[in-house]
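Chain IDs A, B, C and D follow the sequence of writing; residue 1 opens each chain.
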Amino acid sequence: MSNGTALNAARRVPGQIDIWYFVLIEAIIFSSYFITYMLYRVWESPLFLQSQVHLSQNFGALNTVILLVSSWLVAQAVQAAREQKFDAAQKLVMMTMACGVLFIISKIFEWSSKIHQGFEFSTNRFFSFYYFLTGIHVLHVLIGFIFLGVVIYQLRSPQRRSITVIESGAIFWHMVDFLWVIIFALLYVMR
Amino acid sequence: MSAIDKRLALVCLLLTGVTLLSWWLGNSHGSHAFALNAGITCSVILIAALKVRVIVWEFMELNRAPLRMQRIADALLASLIALLLTLYFSGRAA
Amino acid sequence: MSLWHRVAWHCKNNPKIELWIMWWAMFCFYQLFGIVFALMTRVMPPPKPWWDHARIVQWFNDNHYGLLWGFGIIFLVAGITASMNALIAYSMTRMSVSRVFSYIYLAIYSLSTLPGMLLTAILLTVGALRPDRDPAIISWIYDAAFTGFVGTMGVFFIGTSVWMLAVLLDKNRVFPLWFGYLNICNLLTEIVVAPMWIFKEGPFAWNGVIAFWVDTLVFVVYTIAFITLLRRMIVREDFGDGPLPELEQRA
Amino acid sequence: MDKTTRKVDGEIILFWALPFLALTWIVIFFLFPGFSPPMSPTMSADQVAAFYRDPENLPRIRYSMILFNWFGVGIITFLSLIVMQMKRMAHRTPILAYCYLGCSTGGPALFFLADLFWLMAAFRPERDPQLTQLFNDLAWISFTGQVGFIVAQCIFLALAIFLDRQDSPVFPRWVAHFNLLIAAAIAPAAFVAIALTGPLAWDGLLSFWLRNGAMALWLVVMTVVVGKTIYRQRTQEETAA
């Protein structure tokens, strides 16, 4: 890092530059959601704190770990693809997808237990934000499956195997991961 | 296991450890803990920022990307965190 | 050469004149749309969903002439939407994808004008038409107009998805890849807006920070992007000046 | 190709459906009591309700609007015939035909909406007069004010004719000028809601008589033009075959 400018020539953009524009715009949009959440949280602080009691910290932490592991797996997959180990890479992406499925299943469990306890989307402001943020995030997980599907499709045939496309798919998946990290902090843990 | 694989595994371990730390922060004060607590909030948000930065740098491989991209990413993350914390503390002050 | 002469010259000699006319029509339509909806009728940003009857009647009275003249303009120029749909559908015929994409786009967006824009305009015009109408009915018109305007989602959702798919599959790179991804952002806004059917106040209501402001900003960025990119597409288009290929065959 | 069924023959059948459709439109126009003379926008809610409750009017409103519901959208067949002719023109892109096609669904959909509002107003005329008046207003504004697609259609066709640069163009030049003239005559009706009295009101000179007159004239003239063109096309295809 110290001689950064000297190294700049050797630096390269991972994946397509286009996916980075996309990540940038998504990050900005989600930031606006987070800031809105914080604003309402400041205005209605007691309500948010009381409602937060009903969220399960364990579920939140478990979700985070699942996604972190999935991110790790897909990062390994990219590495394997670079080393021409395409079968291993494919398996790793499959495992990533399995983690994603696990995440969604745990989310459905969590939502249904909340609904059973009588907390719905329109119950109060905190739960509106809770269902909104987790819902839009799960939607990104679903879009992530499409990206990972494209990655597997690339890995399957020797004619394709474009490293750039594989890296781009992984970058999207990592974005889903880091968005969840912030959602976890804001919804579950902060006071 | 290559050097890169080791590094990725270490990163994942670090992230999981930090997650467990914030989980402990959220749980450690018992059930009557749901009161305003600037210490917890501050550390949790900073931990999240650290995790985001590590994911972006190590997993998304921004550490090898052109400097301009790194600067934009850092600026965005820093301003989001700064804004969130400012809002939080201005709300407490009011 | 004066502007008028230049325009006349292009009409006579520019082989891309059909595309340019459509592009300029689209460009002017969005300017006009902005002026009418934001400045004349005050529909954007939308007024509050929690107002009582008296306040709603007052809103209609405050904007009486703005609504009537503004939507008169919209009624007059609504047909221009066809030219931009045609231009975008044409852009898809230039891609390495099946024609079905342009046909779907054309069909969906021909439909979208009615619920997405004209129904609101008709309702608000009728609301402003008779200030002495029963306030309860005026309030019904108000709700119908704004929920319909902000809450029309499916046509844009499916239409954007189709365009996205075409851009991502295209090998000719008529549009850059990032625009394909930007389509995902735009179609997500159509999902994010859904809670406005449930909430009457707060960030998810029809004037809320998330359901209206963030979505509108994304839409504006998206619109500016595709207007610019369509212009670039037309500039790059190379028809040459010779006779049309079909005509040579016929001769 | 089979001599007995040419592609253009189907178009000719569609073309000859037009006089029948036009006949139904004339019947609708005279059957609907709200058109002769056009209902005044200044009528109070009670007067509007009384108009719909009148046993003389009610069946005529219902049957005329049911007919309109059936046959109003028939105009799309004719508009599509024009699209086919536009596709024969010497253009570099199909974009003008796409524009026309887009408009040809938009315009009739709005007429259809007006028809539905009229039928809804007549369905339960005994309800609160304010509601009957609301449906009546919605119907008249949708029927009279929604000229955007028709105006755009005329302009697109005119543009297409101007850009059709070949030795024997599909339509003669004057058709383009005629369409622009019709567009200008129809345009003022967009501002129907500005006034409840005077030429712009929905029973006024500009919004009702000029607009509907212009549309009728357009229909007659374009029928002749399109008919001639289709038959000429058939002769050409016969000699080419």
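General remarks:
The criterion applied here is as follows: contacts are C-beta pairs under 8 Å (C-beta built on N, C-alpha and C of every residue); 3 or more make two chains touch, one makes a residue touch a chain.
Bear in mind that the values here come from a model prediction, so they are computed numbers and not experimental data.
Common neighbours of subunit C and subunit D (chains touching each): not present. Greatest centre-to-centre distance from subunit B is found for D, with centres as Cα means. Per-chain Cα centroids separate subunit A from subunit D by 53 Å. A straight line joining the Cα centres of subunit B and subunit D is 63 Å long. If you average the CA atoms of subunit A and of subunit C, the two centres end up 32 Å from each other. If each chain is reduced to the centroid of its CA atoms, subunit B and subunit C end up 40 Å from each other.
Looking at subunit A, one finds that residues 39 touch two or more other chains.
Of all residues in subunit B, none touches 2 or more other chains. Residue positions of subunit D in touch with at least two other chains are not found. A linear topology is adopted by the chain contact network, the touching chains following one after another without closure.
Chain pairs recorded as touching, per the definition above, are A-B, A-C, C-D. The residues of subunit A lying in touch with subunit C in their complex are 16-19, 21-22, 25-26, 29, 32-33, 36, 39-40, 121-122, 125, 128-129, 132, 136, 139, 143. Subunit C meets subunit A in the complex at residues 176-178, 180-182, 184-185, 188, 191-192, 195, 198-199, 202-204, 209-210, 214, 218, 221.
Contacts from subunit A toward subunit B in the complex involve residues 4-5, 8, 11-14, 20, 24, 27-28, 31, 34-35, 38-39, 41-43, 45, 49-50, 52-53, 57-58, 60-61, 64-65, 68-69, 71-72, 74-76, 79, 83, 167, 170-171, 174-175, 177-178, 181-182, 184-186, 188-191.
Across the interface of their complex, subunit A is touched by residues 2, 4-5, 8-9, 11-12, 15-16, 19-20, 22-23, 25-27, 31, 33-38, 40-41, 44-45, 47-48, 51-52, 55-56, 58-62, 64-67, 69, 72, 76, 80, 83-84, 87-88, 90-91, 94 of subunit B.
On the side of subunit D, the complex with subunit C involves touching residues 41, 90-96, 98-103, 105-106, 109-110, 113, 130-131, 133-134, 137-138, 141-142, 145-153, 155-156, 159, 162-163, 166, 187, 190-194, 196.
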